[in-house]
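First chain A sits with chain B, and in the next complex the same chain sits with chain C.
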Partner chain A sequence: MSPRTVDRIATGVICAVAALIMAVLVSLLGFLLFRGVRHIDFHFLTSVPQTIKAGGGIGPQLFNSLFLLVLTMIITIPLGIGAGIYMSEYAKPNRLTGFIRLVVEVLSSFPSIVVGLFGLLVIVNTFGLGYSLLSGALALTVFNLPMMVRLTEQSLRSVPREQKEAGLALGMSQWKTIRSVMLPVALPSIVTGTILAAGRVFGEAAALLFTAGMSSPRLDFTDWNPLHPASPLNPMRPAETLAVHIWKINSEGLAPDAPQIAAGASAVLVIMVLLFNLGARWFGRVLYRKLTAGK
Partner chain B sequence: MQATTSKVRSDASPLAGKRPKHAREELRGRIYIYFCVLLMIVTIFSIVYFIASRGLAPFFSGDVGIGDMLLGQTWRPEGAPAAFGAFPFLFGSFATSLLAAIISAPLGFCASIFMTEIMPKFGRTALQPAIELLAGIPSVVYGFVGLSVVVPFLRNNFPGQGIGILAGAIVLSIMILPTITTIATDSLRSLPHGLKEGSYALGATRWQTISRIVLPTTLPSLLTGVVLGIARAFGEALAVQMVIGNAPVIPHSLFESATTLTSVITLEMGNTTSGSLHNNALWSLALMLLIMTFLFVFVVRMLERRTKR
Partner chain C sequence: MNEQAFYTKDLSVYYGEKQAVKKISMDFPDRQVVALIGPSGCGKSTFLRSLNRMNDLIAGCRIEGEVWIGGQNICDPATDVVSLRQKIGMVWQRPNPFHKSIYENIAFGPRYHGIRGRKELDRIVEDCLRKTALWDEVKDRLDQSGLALSGGQQQRLCIARSLAVKPRILLMDEPASALDPVSTAKIEELIGELKKEYSIVIVTHNMQQAARISDRTAFFFLGDLVEYDDTQKMFTNPSRKSTDDYLSGRFG
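And now, the complex of A and B:
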């Protein structure tokens, strides 16, 4: 065979594989959305799940997922940004920094189930927080922190050096320069990345099985005092999130309409992830326009 | 460049301090970031310490030998006598994740060649965002799709119930495709233009250039992607657990029910009492996962060192 023929064949194969991947993607999304969207209505999104009867919803689970996400982000963002600032601005190129980099890398490659087990052992049992939203949020923080650190570090590194030096030349302290000159410039990409990370947290289940628990107590959505046990805002109550709920009904669901509920809940989860993706891009652009003089 | 920045830094450092307000501000900032970093280091050490202390307990107490656990083939935690052979789990974990990589790596390489060499514009605007989206889909959703599409398909077309190693590997291969593709694409894009242009100038066809110049040069980074993919597949719990069947035996074919380390932990951890031998044996499995993670990180580092050279 002449090299030209081989080239044509190889190009054809590569294009075919790319088309195959595209087809798998489209059919995957299509399958999830078309099969699931039919079951999504207001009742499904707001009512409580049924164990044996048909017609249960995912209301509390959806709320738990969102609330857990907020809690996790409140803990993760300040910690992640702080460590990210250290990595990009304060870390000297020595052994210690290399070690911290290794820590971030290892932390980010821990399987989520291992993080969940650590949460069970330390947060749930040793600290005595029990199966609760707060335990779940702390476990997810461990899981999310390295991502946040990398993100902040990369965003700060992409800030032009002149801007930093201008700040320092004005006699500002290094910390002040970082806070009032560099962070605003880096903020759009930090925000974009954070929202993408939030999408991952939203769908996480393995780390939550043994930390946030697999049950949801009856919630009273008229009681918004965080200290009451039935209040939705109480961070010390066990909470089953949407992703955990999907896993549970797939493996031990008894309701006759369990497949439909799983399809509907999966569709809701995927739609949320899509929204996070689009939202991240859009919000990052808007913020960039607001904070800089660029158009 | 490093020298200039550090010089600017030391000149402007307010800690040397004429202005106390600035110095205080700087000090507060530093305390905050050092706290964050310290917390991260404490976290990782406590993860290793706590899991190791529980995971090693069955060996220290003499109830289970390390060899018995690694090579034993029966897992009968509540039986009399109890047996804690974890070999079927290790086998299942390795089989599913390696098979997933074998399926996914060629696909990912083709996709990244397509995106960088053949149709860069279409790749950047359509294929790449689509693959990034794939990375964001939660693992339980993959498990659900596996259960409602892959398993019935295998059941109808092959012997067996559909659940098993192959079903798990197919689900995992889709999950790790973004990892492999993204890293491969990055390394192909960062290849110096001169290399490719030199090859074209010598009259080589595109495929000759790709197969003899591009792929060999970027091989270490391509392998990095594959190893990261395997690491992700190895640690994935729920998606695999949902489609693999959860039978603690070494399967005779790809279509027979099997199980993995993560699946066993997921299913049994909730049903054991803390401190029992069964419970501690599960922590030993978690310790194996932890050790594998360190191993994967080590391999990735070795590969990265080769890339830099």
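And now, the complex of A and C:
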């Protein structure tokens, strides 16, 4: 075969693979949205679920998902960024850091159900935090932290070396150089990655089954004191998230409209994750422009 | 001030087992331009980078010998590298402005070193931009990103940035090799101006450039300092044969 023919075949195969992936994605999204979107209305998004009657909503679950996300991120972001900065800027290249990197890699490919069991044994039982939002957030931190660390490390490493040297050559300390020269350059990709990680948290179910629990107490959305048991903000209460809810009503839902609710909830979930992704790109760009030109 | 701005004594730099710079002793006269020339990999950039301890960043890099600046051996581990680097400006081959506004690129250093007054910072920014002949080109858009400038302007901005922390010495690592001829000419002209106030060490691949701008030239080869003399003499009547060969283009 002539090199030209080979080239054409290669181009054709690569395009076909790309088209296949696009087709799978589009049909999946289309299917979920087509089945789900018509069940979504204001009532569905805000009302409480019904156990045996039709007409239940996903209000508390949606709130739980968002609140859990915020809690997780509050724990994950500082830890992940801190460890990422260490790995990229402070760690000497030796066997120990190689080992840490290996651990991070392994941890990031852990099956989430295993993380959930770990959470049940260690966080829920041993530490006695019970089925609670906090347990869920900690389990998701285990799940998410490796990604945050790697993300931060890679973002910082991709900052050109001359940027760092320029900061140091002006007589700045290492920390000042990292904080004021390198992080602004790396931040947009860190933020983008963080939001993508947040999307993953939002859709996670398995790790939460045994940690945040599968039930939600009656919430009083007029009580915002985090110490009250019925308050939505109480981190020590059990909380069923949207993804867990989908799993539950699909496997053991008794309401007559359970399939419709599952479809609607799935569509909401997918739309939220899509919004996260688009938002991440937009926010990363805006942030970059703001950090680089403004004062 | 001491006539010798600074000098090195038996300075060696190792990358792991490999010795990149071999026991070099050189003195750098105050307010003159010293050009370091030699073929790629001859150790001239490594030598330059050990003058402000920039090689500290490179894993596996080890330095022996002494570098005396202002009566202090900066290779001493007890040296305060942060305050040392404030006295030594550096310019790289690729322009590397901070991802900040033009104003911030310059004000950033002095502010870190304790100058807070807005007026004082404004004055420093204008002063540094004037010294680098950039003021008239950018004075109306100081709040724009430094990255929006052309390559030559970016390089002058980087020079201006290094002047803002009041160094005495400027280290330049092929500052014009990534620029077009017009920008190169501007940088060379600028170096001629700057040497009235600063001691300048410049690494260059361009021998004509070395001949044009430097007062003294050092020829490096395989980590050795082969010859170091007045530029005039080096280019007209070098005392070593390999210098002559290199300068006349027979190798390297």
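In this section, the second predicted complex is superposed on the first by the 272 of 295 C-alpha atoms of A that agree within 3 Å, B and C clash if a C-alpha of one lies under 4 Å from a C-alpha of the other, contacts with A are read in each partner's own complex, and residues count from 1 in each chain.
Just so it is clear, contacts are C-beta pairs under 8 Å (C-beta built on N, C-alpha and C of every residue); 3 or more make two chains touch, one makes a residue touch a chain.
Because the structure is a prediction, the values reported are computed rather than measured.
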Would you check which partner chain A:V70 touches, where first means chain B only, second means chain C only, and both and neither mean what they say?
-> neither
In the superposed arrangement, does A:G199 touch chain B (first), chain C (second), both or neither?
-> first
May I ask you to decide whether A:M172 touches chain B, chain C, both, or neither, giving the answer as first, second, both or neither?
-> both
After lining up the shared chain so the two structures overlap, which partner does A:L79 touch, if you call chain B first and chain C second: first, second, both or neither?
-> first
Looking at the overlay, what does A:V48 touch: chain B (first), chain C (second), both, or neither?
-> neither
Partner chain(s) touched by A:V181 [first = chain B, second = chain C, both, neither] | second
Using the superposition on chain A described above, determine whether A:E162 touches chain B (first), chain C (second), both, or neither.
-> second
Given the touch rule stated above, what does A:S266 touch, chain B (first), chain C (second), both, or neither?
-> first
Does chain C touch more residues of chain A than chain B does, or is it the other way round?
-> B
With the two structures laid over each other on chain A, which partner does A:W247 touch: chain B (first), chain C (second), both, or neither?
-> first
So the chain A residues that chain B and chain C both touch are 92-93, 161, 165, 168-169, 171-173, 176
Spell out the part of chain A that touches chain C in their complex, as residue ranges.
-> 92-93, 160-173, 176, 180-181, 184-185, 291-295
The chain C residues in contact with chain A across the complex are 52, 54, 57, 59, 82-90, 92, 94, 96, 98-101, 103-104, 108-109, 112-113, 143-145, 147-148, 158, 161-162, 164-165
Spell out the part of chain A that touches chain B in their complex, as residue ranges.
-> 3-4, 6-7, 10-11, 13-15, 17-18, 20-22, 24-25, 28-29, 31-32, 78-80, 82-83, 85-86, 90, 92-93, 100, 102-107, 109-115, 117-118, 120-122, 125, 142, 145-146, 149, 161, 165, 168-169, 171-176, 178-179, 196, 199-200, 202-206, 209-210, 214, 243-244, 246-247, 250-251, 259, 262-263, 266, 269-270, 273-274, 276-277
What does chain B use to touch chain A in their complex?
-> 2, 5-6, 8-9, 12-14, 22-23, 25-26, 28-30, 32-37, 39-41, 43-44, 46-47, 50-51, 54, 106-107, 110-111, 113-115, 118-119, 123, 126-127, 130-134, 136-141, 143-145, 147-149, 174, 177, 204-208, 210-211, 228, 231, 234-238, 241-242, 262, 265-266, 269-270, 274, 283, 286, 289-290, 293-294, 296-297, 300
